[in-house]
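Structure provided below as structure tokens; questions to follow.
Note that the chains take the letters A, B, C and D in the order they are written out, and that residue 1 is the start of every chain.
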Amino acid sequence: MVLDIIFAKYNYIIYITLMTIGFYGMIGKRNLIKKLIGMSIFQYSIFLFYVSAADVSGGTAPILLKEPAVYVNPLPHVLILTAIVVAVSTLAVGLSLVIRIYKEFGTLDEDKIIELSR
Amino acid sequence: MIFSVDLVLLLLILVLAVASIMVKDLLESTVLFACFSFLMAVIWVEMNSVDVAFTEAAVGAGVSTILLVAAIACTRRYEEER
Amino acid sequence: METVTSFGPGLAVLVSLIGAAMILIFGRYPNIRESISIIAGIIKFGIVASMIPAVMDGKIIELKLWEVLPNLPIMFRVDAFGLLFGLIASFLWIFTTFYSIGYMRTLKEHAQTRFFFCFAMALSSAIGIAFSANLFTLFIFYEILTVSTYPLVIHIETRDAMSAGRKYLLYLLTAGIFLLFSIIAVYHYTGTTDFAPGGILAGKGIPVNMLYLLFITFMIGSAKAAFMPLHSWLPSAMIAPTPVSALLHAVAVVKVGVFTATRIILYIFGIDLMKETGLALAMAYFVAFTIIVASLFALTHDNLKKRLAYSTISQLSYVILGVVMLTPAGITGGMLHILNHAFMKITLFFCAGAIIVASGKEKISEMNGIARQMPLTMIAFTLGAIGMAGTPPMAGFISKWYMLIGSVEIEQIPLLFVLLVSTLLNVAYFAPIIINAFFKEPDKELSYKEAPLFMLIPLILTGIISLVLGIWPDEPLAIVRIAVQSLTGGT
Amino acid sequence: MITDHLSVLIIAVGLLGAFFTPIIGLIRKEMCSLWASFIILLQFLISIFLLYQVIIAGNISYWLGGWEPPWGIEYAVDLLNAFVLVIVAGICFSVSIYGRKSLGFEVPDKELPLYTLYILLTTGMLGIVVTGDIFNLYVFLEIGSLAAYALIAMGGRHSLTASFNYMIMGTVSASFILLGIGYLYVMTGTLNMADISALLPSLYGRPVILVAIALLVVGLSIKTALFPLHTWLPDAYTHAPSAVSAVLSGTFTKVGIYALIRVMFTVISPSYVIETVPVMSILSWVAAIGILAGSLLAIAQYDIKRMLAYSSVSQIGYIFLGIGMANKLAMTGGILHILSHSLMKVGLFMVAGAIIYRTGIRNIYQLKGMGKKMPYTMAAFVIGALSMIGIPPTIGFASKFYLAWGALGAGEWVFVVVILLSSLLTAVYFWRIFENAFFGVHEDIKKDEAPISMLLPILAFAVITVLLGLLASLPIGIIEQWVTGVLP
């Protein structure tokens, strides 16, 4: 019974798990680059959710075919394209911050930075 | 009960995500993250969103990795021990 | 009653605001700055006085400005009661201006521009409060008054002054909050905040408990009147320069508190509601307590200004006591006491200031034989003091007389006793000062003379006026009668 | 007619302006700030015109590229949008004038990226407000946020970590919002706000809606720094360049609140979030705690900008409290407080910036004699602070009046007490500055006012604070009309 639910909705369970992993990376890790990787994983989990939601079982990719077919919903894909670009730009901004922090403090360890900025 | 391909892929993704966060070597972690992105792209192909998969492979796996590697090159490679 | 629209009340407020602005602009030139103060004061009094004939004819002057919040306009209405207070404040401003020029120049005080600026602002708001047609307008000026008097209180900027200032603010801002709450509640329940002679809360179906709560918050809100548990800001504020103590803490600010309380009791709650709920009697005994206890406190203080401050606390409660008797005689006595106390107390404070300026003495025990050097000052002081005690033919007698009648009318003999006992206490705390000054030998040769003329003349004048008000009380009494008539419908 | 395209023009102008900024900067560096001011002035004028149009002719709806919603993106402007647009554009414009000197001093030689980002920030915020498409809202939110991260990071050593933390928190919040939007989309199959709100009522029994609401509320609460989620704000505002703190405090959090109001009251229907699920009352209790906590934390600070930042946390609580009580009066008060807090806080941050520009002092106990040194600036500070405390006749009084009235009308006695009590706490932390700046210094100090381009916006804000305080019925009229249309 429980297994049935798990197997029917495994996409969703995995996206939640992925989210928690990302969240752990963001909050639990002291290294700033690790935090950013965690952040990206966190964002990917949401993209995964969107694409899973768009998927129709037995559907085909939203490319126009000669014969009628069940297409998956293309709109979330478009949204995710935008979101991926946003995610990458966030990552870029974050990394440039990280580089400047390193130049300023000489370390990427959060605790040490807090100590140094006292 | 049929184990579909994407379940396997998804589990693999979970493993990669955990690994890329846990590894001490940042470069290693970056590579694992690139794998993660790439597998994500594969999953999206499997889920019929080809366009997203393209973007993901290019931007996510490609550009992000380059950015990360560049950042690591500018800073330091290993996480500091306490 | 007939209402006429006129720019009078608006102008009266505006004059001192413009005056304040000009004081700031001409801050570098003391002579111009102080002439502006005097001219603004005279113009202001002229404008207020010009409204006397209309009000004496039984008219009400109104000026509705724009609506600040929907349905809550800034609106002025000059009725007899407001006019009485407006007259007192604006008339005494002229005297105080002269007096403070003398005081500030003699002591070479710093930041005189700030002083005169804040003074003008405070006066504007006092007049604004006097002429407010609704609680909302009153509240705006009430808060401006709090803020603008703060720099005056801490004028000397010592550590003590700063902490006194903090206390002052704490009390008055808290009071403002309570007042705001009450105003919002009144507005919420009745849809208006206009003052009306019969009160606006009656017959609106407000639960009785809510009425009690409202009354309490309103009275806390008028903490400027220094009721007993909320009084301690007033003695602390005596650290201010004497002109400030004189005008603001003997007349304008505390009178604003009393004025507000009276407005609330008579024009928001209304006589009938106050009677029905029994709030009037409770309040009467509450202030009776203040009268006695504050007098006792006054006895314990050796610092002259502190003693006068406690005397003020006690005397302010007289006003409220008169008003909550809710009989024509009581209300007449209360309202008249606003006027009488103002003149007598300002005389006393002027004298205290003159003594400080001339001799530097603040303690009563050090004032032995001071009358030999400063006879005029001490004569004025004596006039004020015996007036306070309610001795005929001084002004204080008349208001006390009405209150005594009132207490008999409502058949509350304990209140009668309170009034009599407090008279004795008044004598008890003023007599030593006068005895010290006139009859005791000074410890050593005294070298000082009377204070400068700028200070001496105002205090002599106010002393004489408080005598005159006692002998010919007809004019102010006529104004008060109009106010009382509109409230009770009879004489 | 070009006037038909105004609602999209306001965005297009900004995006084009941002694109051309580096080009202009390459020709002449000094032109950048003028260019930015010019672009934002255009946006300001458009927003005023939009407000005017909405008032006289009713709501405006613009279909991007002519695509009819729910397929295309719709830009929908009603009274609330237009009102917030004017606030945001107006503040960004005045701060851009102020920033010419202030930013030139605090962030030297970075005009190109600085003003590009500044225009992008403005445009992002205006986009959030003007759009009628919920995903578009997310995109603009991210544009604005990215610009904000970068701008904050320009404040020097400490601002880098502040910005990094903000970025982490901001990304979490944006992801939550994205996820919430995703759920709404999955349920209704559309992204157009009007469409979603038409389709949602049939789905109200489903738990998914609850998840969506929770995600959106948490996400937007982080963006707006509602009390327990405010942790990014103090550092960011303290270390960012003063002009940036001013603009962020005045507009960015407000835009987040706007988005929350929009989502909760027009996308999801008010009756659902008020009655069926007590989202709003939970928010209002959190806000009430936030008001007190923010004030108490502000009292504990001695850095002037940090104090103002914590004060923001408390004031944002007021806005949330008003919205959370969700009756007409409190809501009017809450939305009015968006305006009044923007005016006051931007003014105060600009004053703080001016003090830092002239003297470099940030510690409030070192401000001795500042009242003589910079009299006009400090006079503006007094007015702003009094408005914050809620002394009439300032705009801060008007909004507090409505908030307290709304609380009283709803019978929420605790909130009445909180609203009124916290103005006393506000008085405590501002009065320390008054005491230090104005009193206790007797010798003559040479007057050393802020430069005119900084002083003018500061004084303008002070004057507007009082003027609107006296004429508060104008904004209240607009807000009340909107609120009456939304709340049952």
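As a working rule, a contact is a pair of C-beta atoms (placed from the backbone, for glycine too) under 8 Å apart; a residue touches a chain by one contact, two chains touch by 3 or more.
Going by UniProt, the chains are A = Multisubunit Na+/H+ antiporter, MnhC subunit; B = Putative subunit of the multisubunit Na+/H+ antiporter.
Here the structure is a predicted model, which means the values were calculated and not measured.
Engineer: Chains shared as neighbours by chain C and chain D?
Structural biologist: Chains in contact with chain C as well as chain D: not a single one.
Engineer: When all chain pairs are ranked by how many C-beta pairs they have in contact, which pair ranks first?
Structural biologist: Chains A-B share more contact pairs than any other pair.
Engineer: From the C-alpha centre of chain B to that of chain C, how far is it in Å?
Structural biologist: Distance between chain centres, rounded to whole Å: 78 Å.
Engineer: Chain A to chain B: how many Å between their CA centres?
Structural biologist: Distance between chain centres: 10 Å.
Engineer: Averaged over CA atoms, how far is the centre of chain A from the centre of chain C? Could you give it in whole Å?
Structural biologist: That pair's centroid distance is 70 Å.
Engineer: How many angstrom between the C-alpha centroids of chain D and chain B?
Structural biologist: Distance between chain centres, rounded to whole Å: 37 Å.
Engineer: Going by the touch rule set out above, which residues of chain A reach two or more other chains?
Structural biologist: 76, 98
Engineer: Of all the residues in chain C, which ones touch at least 2 other chains?
Structural biologist: none
Engineer: Sort out for me which residues of chain D touch chain A in the complex.
Structural biologist: Against chain A, chain D makes touches at 135, 138-139, 142, 146, 149-150, 153, 157-158, 160-161, 163-164, 167-168, 171-172, 174-175, 178-179, 182, 185-186, 189, 191.
Engineer: Over in the complex, which chain D residues touch chain C? Could you list them?
Structural biologist: Checking each residue of chain D against chain C gives 386, 389, 391-393, 397-398, 401-402, 404-405, 408-409, 416, 420-421, 423-424, 427, 431, 435, 438-440, 442, 469-473, 476-477, 480.
Engineer: Could you list, by residue number, the parts of chain A that touch chain D in their complex?
Structural biologist: 23, 26, 32, 35, 39, 42-43, 46, 49-50, 53, 73, 75-76, 79, 82-83, 86, 89-90, 93-94, 97-98, 100-101, 104, 113-114, 117
Engineer: Once bound in the complex, which stretches of chain A touch chain B?
Structural biologist: So the residues of chain A in touch with chain B come to 7, 10-11, 14, 17-18, 21-22, 24-25, 29-31, 33-34, 36-38, 40-41, 44, 47-48, 51-52, 54-56, 59-63, 72, 74, 76-78, 80-81, 84-85, 87-88, 91-92, 95-96, 98-99, 102, 107-109, 111-112.
Engineer: Please give the residue numbers of chain B that touch chain A in the complex, ascending.
Structural biologist: Its residues touching chain A are 1, 6-7, 10-11, 13-14, 17-18, 20-21, 26, 29-30, 33, 36-37, 40, 43-44, 47-52, 55-56, 59-60, 63-64, 67-68, 70-72, 74-76, 79-80, 82.
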